[in-house]
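Comments concern the structure below.
Think of it as A, B, C and D in the order they're written, each chain with its own count starting at 1.
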């Protein structure tokens, strides 16, 4: 688990989250998602800066050079529209925040230097993200029949990708956070089956290069410019 | 009406059309849309090559340097997904092909040099595009209640953008092609109201820069490379 | 009844604040509801043109700043709807009025953002014009609105400086960045001037609003103030304001300038700006496609009361 | 009945073609339907990985070539479904079998295309493997299938050269282009070897298909032929095939090589390749969301008979 992988998780998660701003189900949620995206972006910037020039790293790497887990790069709408599915967003955030919270807890306690300092701040933010995602998981899972179905679909579709959320973290510990939330939300915990990986070695899904093409377009159109 | 504008219409139309390949309503339509996209791409390449380096012009201009009409850059799905609405696709193609057919007819008869030669070939292709779009307009307009409603919505939404399809072409002549098709398809001919323009002077919609970011991404990621 | 009327008149006459518990004339209430709601709608719709560049901001620092700014706009929308609710209209009703097209929002947001420079120009000119319009509202006779405006103006002024800074960096940048900045200012100058509304001669509502202490200055006075502020800033930036007749008038002590095309303004207000349809479709879609989410939240809240 | 059976046996024995009008054993028919349909499905699903780079092709010339290629794949799908229909199963039924997961398609298309170089590698290796598999099918005992394969192989061989040319240009390009080409070949080599199916020892169906003149060579023979073809081509390209044990065996007169991981192949066939879910969702969506279009076409045709 390198600092680069942690930074890329945060950066790509931020990029997906901020696409929701002005599109959320409520105005309060526009504010909350912007907040979470800002937290993720903050972690990404702090870590990338500790590794080099943050913009060079964000805007001049190709997909195969990114080390984020596959979960964060998946579109919130499988059709590739910026108009995502809120159930997918919620499930992704629940799974990611549970992982990041544990990871940052651990790094804050064990790592000296930049990584430890970033983690010490980020653990509090992640706790909020986890709480936020938990609340929505409960509302959607235990809300209406429609929302239950959509949330279950999202959980089922994303579950395979959670197997990649390991490294410094034991899956059993992650499950100990996530499973009770699913249970309380009356959602079935999917069976473990397919376990796609590759993000940590730069072997991504077809989705990442589209995300990067958009994210990097302005920066790359002006070589050598200062912003 | 410059050769650049004609080329850009064809290039951007091709870029929208080819996004349909593997997503069309029937396999025959996958073939047909690829065919139409290839024709458009062929015109774009011939004209851009007559103006300079085709790839330099396609991949190194910014949105404000493109001279295509707004109609061709509009997404086929207003939500920005590559999964477009087939009614929108059909209406765009009908409006564009009617215009291109007349334009190429006129240029083939009047222009010497590259432009005239390109037009002489393209007029036949456009006649096929127009026929194809006409057939689908009839099927959707005079098909089921649902298809009629969707096709009418598409015609209504796109109609304002057809006012920009002038220049060498009189609108009355364009209407003389399109109105009978709409009538035969039992579709209402929308009233003329809002008449957005700007494409011909490089003032586009917000959609074009996204299309270009994706289209240009691979080329721009490798400055100076040969493909 | 006589007592409350006199109390209201006294508050207005002595430039004190009317509070939600106070009696107020129906027309005063209706005027405020319309104005505050329109202002709230503008914040919410106003997220879109800038959010359009969130995924494509050219540096992470600018991305974070822009994200925080768009977030602030959502926050402003929330304060303002809350202020409007103190007048007795629930937010849902106001939002419905927007979605059904019964309420307006600021027409400036019906122009598209076509380059990154537009993020700078919106901050500099659009937020700049908003501040000139809104600073007097911090002394508005209706307390909740006045207090919301204090906070909003503080943040807007921060946004305005950030926008100016984006442009400042561009105008010191590459040839293409400078071109981008100028082209953006060329597009936004007249629409920004139009933000002050029709000329005084054609302005409705103004007189009564002035008398009630809701409006403090005429449209043309505010527009002039804005032009006088912008000209020296444009000089420092090194951009040309696209008005060949813009020049200092020693006699008036103000800059002379070409007024915006009010026919264009009226067309945009009426719905025919370049992006009206996109903005409304976006807002309606955000609302409509998430009905199931709001329904779920309501059902869950009901179960867990 | 005896006559037709003997006629069929005679056709097979003398390596002539069985035609749709001819009697054939049920198992022969079923085997062909399964094989031709799977082949047709593969062409249709196979559009996706390459179409993934249509919007982003790095030159207009390559964009046009790729577009024509993907179009050819749709065309191949159509011929093959038509060939299968001559055996008495309508296309809709075959398509349903694909969409419901009852039929398979070539597992190679369950790998993602992650860079432009993959367009080249798919042409070179995947189409190359397909040709090695398919050239013998031009002599298949079932006439319509054999004739479809003649046309398809001609086009595939054209595609294979185009793919090789994409890679050739990359390997003569910038450092980053060369890296991209090598990385792509590294990813596709073993999946391409797996296209020849399980090793002969584990292959079902093969013996009967051989006897019927549907299959002409064993999986391992074809795989060996493919490896022998690729090694010198890789040398010309200047890419390294990712197999440290790949070397010429003078005794066998063939290259020795590491076989693909058949457990991985079986997992991908069973549905757990990197892109199975995406490919099926894409295909189902293309079909399902256009039901209204097909309904309209049917209704219109009905009205205008």
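Following the convention adopted for this analysis, contacts are C-beta pairs under 8 Å (C-beta built on N, C-alpha and C of every residue); 3 or more make two chains touch, one makes a residue touch a chain.
In UniProt terms the chains read A, B = Phenylacetate-CoA oxygenase subunit PaaC; C, D = 1,2-phenylacetyl-CoA epoxidase subunit A.
Every value quoted in this text rests on a predicted model; they were computed, and no experiment measured them.
Counted by C-beta pairs in contact, the busier of A-C and A-D is A-C.
With centres taken as mean Cα positions, chain D sits 34 Å from chain B. Centroids of chain A and chain D (each the mean of its C-alpha atoms) stand 37 Å apart. Centroid to centroid, with C-alpha atoms defining each point, chain C and chain D lie 59 Å apart. Looking at chain B, residues 62, 79, 82-83, 209, 213-214, 217 sit in touch with two or more other chains.
Among the residues of chain D, those touching two or more other chains are numbered 56, 176, 285. If you draw each protein chain as a dot and join the dots that touch, the picture is not a line, a loop, a star, or fully joined; it has some other shape. Going by the touch rule set out above, the chain pairs that meet are A-B, A-C, A-D, B-C, B-D.
Taken in their complex, chain A has these residues touching chain C: 11, 15, 18-19, 21-28, 30-31, 34-35, 37-38, 41-42, 44-45, 48, 54-55, 58-59, 82-83, 86, 138-140, 142-144, 146-147, 150, 214-215, 217-219, 222, 224-227.
Against chain D, the residues of chain A that register as touching in their complex are 62-64, 78-79, 157, 193-194, 196, 198, 203-206, 209, 213.
Residue ranges on chain B touching chain A, taken from their complex, read 62, 77, 79-83, 209-210, 212-214, 216-217, 220-221, 223. Against chain A, the residues of chain C that register as touching in their complex are 44, 47-48, 51, 53-64, 67-68, 70-71, 74-75, 77-78, 81, 116, 166, 169, 172-174, 176-177, 282, 285-286, 289-290, 292-301, 303. In the complex of the two chains, the chain C residues touching chain B come out as 52, 56, 112-115, 176, 183, 187, 271-272, 274-275, 277-278, 281, 285.
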